[in-house]
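Note that subunit A is present in both complexes that follow, paired respectively with subunit B and with subunit C.
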Partner chain A sequence: MNKVELAVIGAGPAGLAAAIEAAQLGVKVVVFDENAQPGGQLFKQIHKFFGSREHKAGTRGFRIGQELLAQTEQLGVKVNLGSTVFGLDKRNLWVLKDGRTEVFQTDAVIVATGASENALAFKGSTLPGVMTAGAAQTFINLHRVLPGKKVLMVGSGNVGLIVSYQLMQAGAEVVGLVEAAPQIGGYGVHAAKIKRAGVPLFLGHTITEAIGEHQVESAVLTKLNGRFQPIPGSEKTLEADTICIAVGLTPMMELARMAGAEFKYAPQMGGHVPIINDNMETSIAGMFVAGDVCGVEEASSAMEEGRLAGVTAAEYLEYVDGIAAADRKALIREQLSAIRNGTFGKAHPRDEVKEENIYGLKSSGTPSKDELDSCPGVPSKERLAKGPVAVIECVQEIPCNPCEQACPRGAIKVGKPITSLPQLTENVCNGCASCVTACPGLAIVTVDRTYDENKALVTFPYEYLPLPETGAIVDAVNRQGEKICSGQVVKVRNNKKADGTVAISLAVPEEYAMEVRSMAKGGTK
Partner chain B sequence: MTETNKKEVIICRCEDVSEAEIKQAIAEGFTTINAIKKRLRAGMGLCQGRTCQKLVARIIAQETGKSMEEILLPTTRPPVRPIVMGAFEGEDK
Partner chain C sequence: MNILDHPILGKVEAAKRKVTLFVNGRSIEAYEGQPIAAALMAVGIKSFRQTARKQQDRGIFCGIGRCTDCMMTVNGEPNVRTCVTPVAEGMIVETQIGLGSWREIPHE
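Now for the complex of A and B:
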């Protein structure tokens, strides 16, 4: 029998953060993970995270994974990889490693097993080429293999939106994004990125069939009525060799459940989840949970939950007294509630879709004129006429503030809560474009309407390879991804600090200054 | 891929159980995830129901008018991942 003081099951963002927090307080922690690599989903996340600057917002996910691993190493936390925890009771872990089983007796356990992707069944859904979005992401970002050339994405939550974008970065074409609901599920800025790339959105649609002899050759989409029933005769066929399914996640709660923890059904959290108090403690003394296993959210909240569980476990094991623990927990809870604020937070159940609330960015992937006009980050016409200035097209309350610190002149204010929309002090901004590459949502451009007699200069973020050459003539595209004019590349700024997000300055006819927001991938459509 | 697979909607791909078979079983009175599992083996394959469990629950909800909340979770017990019997050899030595 092996003895472990605190066992953490799962080396994803929640598990690693929990292990670090507990180890910092002196607990001897052992982490178990069934995979060959630690980090959970973090090493697949090549995009920049949202959140607050102090909590790694604006940092690409895989770099956060590297930092967490370095910290666990520094603290002497043992991470057992290739170790499948296949059974759990109140105190014992059954682990399979190298084809042998072992039992570990523990004083406390943190279950951070994450979530698994939901399936979707339709005619032909077992054809090769149909896969979950997470599988496609593993292909491109871990193994560097393109699963297909023409991809149809089903589901417009953040996973569907992010993986669509990454598939295009990897060189695939995304032939469409299908969503059963009448509105986009994930962050509008993620949708705007793929919209600018010209991906057609099929809202209020579902996939009803995958067609192909030996693999996917095409997909049939059908329109849905208000009660999510397919409308006969509305079918359309799209050519595709890959169909990615991104229709939500379900907490992997089997271990917590077999150990006897009490559960509740919470559809907005992904299904059945363990009942916990605000210390991440389950109904079983000494058993804690963190991350997607207790409700599907983002990696940023998973890490905060992990920290909370880590402190509580340390307190339970008497490494920290109640008063010191309470202070620490209060700080973490404050962070958690900050990132849960806003349009997408837990305070606003996602399943409530009201027709009058569906407009602009949510319904099209493009902010409407009204949304832009009332946006506190968009400068006035008068200011635009005076020279270079930032245009912050951030219209949804999401927890994010890297733009605030990116501005060397203090012209951008997000403040508290961090879900507030960024406010631009237009006369302080000089259009330096530092914010353009700092925004994880790629929602900021700078516009100089005084660039030339009849030319304006638009500087936008760009994350596709190959980069254009200075002087090249390229197709300039609008927010919908349509080519509206030609533009000349004046400057390509590939700043190391921006970590791969390149600022491209394009000279375009003056009348298109407020329309051009990117360029065609590769230069021409 | 067989001709049947092309026409049918497969719900449990590990055990090759179709939507039509599940609806038939529900009509026969098998109206829980556990009962469907015992009747048709849906959820007894390699993935242990991680793919089909929610789909089966949704079909039960549709066919019986029960809410998803009312549809009980199946039993969870070790091992949660498929393990070869040999791994348990000599554990008590």
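Now for the complex of A and C:
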């Protein structure tokens, strides 16, 4: 019989954070993961995370993964890979490795098994070429292989939006994004990125058929009525060789269930989840959970939940006294609630969609004129007329503040809560563009209306290949991704600190200064 | 198609070793460490197996070893999850029909 003091099941963001936290307090931790590589889904996340500095905001997911791994190594945490935990009771784990079963006896266990992607049934949905968005993301970002050239994305939650963007970064064309609801499910800034790239959004639509003999060749979309029923005659066919499904995740809670933890059904959390207290403790003494297994969220909150479970487990194992543990837990809870304070946190289960509440960014992927006019990050006409200045088109409450720290002059203030919209002190800002590449949502540009007699200079973030040459004439596009004029590339700033986000300065006719927000991928449409 | 250059992840290491595997008799090259499924996807092979009764094509679905839709016969062993099994030099990969069958690997 193998003895383990604290077993952590799952080496994703929650499990690794839990292991690190507990090991720092002196607990001897062993992590189990069925995969050949640790990190869970973190190494596929090549976008910059939201959050605050404490949440590693502005850092790309895979770099956070590298940091977590370095920490586990430093702390001497043992990570057993290729080890599938297939049985769990109050004190024992049954592990399958290399075709052999081993039993581990443990004093405490943290279940951090994550979630799996939901499938969607429609005619032809079993054809090769139909895959989950996560599968496509795994292939492009980990294995470096493109699953197809023309991709249709089904689902506009953050997964659908982010993977659409990453497919384009990898070199695919996204022929459309389909969403059954009348509004975008995920963050508006993610939608704005793919909108600027010209991806058509089909809100209030669903996929009704994938067509192809041996693999996907096209997809049929159908409009939905107010009761989510397909409207006959509204079908349209799109050419696509790949269809990605991003319709939510379900907690992988089988082990916690098997061990006998009490459960509840919580559809807004993804399904059946273990009942826990605010210490991440299940109904079984010494059994804790963290991450998507106890309610689907995202990596930042999974890491905080992991830390919370790690401290609680250390307290349970008497490595830390109640007072010290309470202080640490209070700090973690504060960070967790900061993340959840936004539009999508657990604290705000999504309300019924009311038609009058669907407008602007949520309904189109483009902020409306009203949204921009009332946005505290957008400078006044008078200030714009004076010279270069930042235009922060951040109109949706997101738990995120890297722009605040990026500004060397202190001209941007988010403050608390971190979901507040960034405020620009327009007379302090000198339009240096430090914030342009720091914003994880790519929602900031700088505009210089005094650049030339009849030309304005727009500097925007850009994360595609190939990069344009200085002096090149390219198609300048607006927020909808439409070509509105030509522009000349004046500067291409590829700062190492910006980690792949390039600032491109484009000289465009003055009258388009407040319309041009990017350039056509590859230069021309 | 392999993604040789990427705006965030950079270029694939030029020194990365390649291996050769045989897919239904056709030889293809793959990067060492790549899963079988990725190697197949890189050369445009999408159908990995056929269903038992209707011989319908199936391919990649979840990509992380959970759904078993990508199973193929590898070196004579059926039901290998190609999305989580790395390639190896000289590997023999075959389309699987139904649950497949165990048999001797044909020697050249």
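Methods note: the second predicted complex is superposed on the first by the 524 of 525 C-alpha atoms of A that agree within 3 Å, B and C clash if a C-alpha of one lies under 4 Å from a C-alpha of the other, contacts with A are read in each partner's own complex, and residues count from 1 in each chain.
Throughout what follows, contacts are C-beta pairs under 8 Å (C-beta built on N, C-alpha and C of every residue); 3 or more make two chains touch, one makes a residue touch a chain.
As the structure is a prediction and not an experimental result, all values here were calculated from the model.
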Message = For A:His214 in the superposed arrangement: first (subunit B), second (subunit C), both or neither?
response = both
Task = Using the superposition on chain A described above, determine whether A:Met258 touches subunit B (first), subunit C (second), both, or neither.
result = first
Task = Mind working out whether A:Gly134 is in touch with subunit B, subunit C, both or neither, as first, second, both or neither?
result = second
Task = Could you say whether A:Gln169 touches subunit B, subunit C, both of them, or neither, answering first, second, both or neither?
result = second
Message = Quick one: is A:Ser116 in contact with subunit B, with subunit C, with both, or with neither? Answer first, second, both or neither.
response = both
Inquiry  = According to the stated criteria, A:Pro232 is in contact with first (subunit B), second (subunit C), both, or neither; which is it?
reply    = neither
Inquiry  = Just checking: does A:Gly99 make contact with subunit B only, subunit C only, both, or neither of them? Give me first, second, both or neither.
reply    = first
Ask   = Touching A:Gly322, do we find subunit B (first), subunit C (second), both, or neither?
value = neither
Request  = Give one of first, second, both or neither to describe whether A:Gly76 is in contact with subunit B, with subunit C, with both, or with none.
outcome  = neither
Message = On subunit A, which stretch or stretches are contacted by subunit B in one complex as well as by subunit C in the other?
response = 34, 116, 119, 126-127, 214
Note = subunit C contacts subunit A in the complex at 1-9, 12, 31, 34-35, 37-38, 41-42, 46-48, 56-66, 83-84, 86
Note = As the complex stands, subunit A meets subunit B at residues 34, 84-88, 94, 96, 99-101, 116, 118-127, 214, 250, 252, 254-255, 257-258, 263, 265, 267, 271-272
Request  = Write out the stretch or stretches of subunit B touching subunit A in their complex.
outcome  = 1, 5-11, 13, 19, 50-52, 54-55, 68-69, 73, 76-81, 83-84, 86-88, 91
Inquiry  = Looking at the complex, which residues from subunit A come into contact with subunit C?
reply    = 34-36, 46, 60, 116-117, 119, 126-132, 134-136, 138-141, 143-147, 149, 169-171, 214-215, 463-465, 499-500, 502
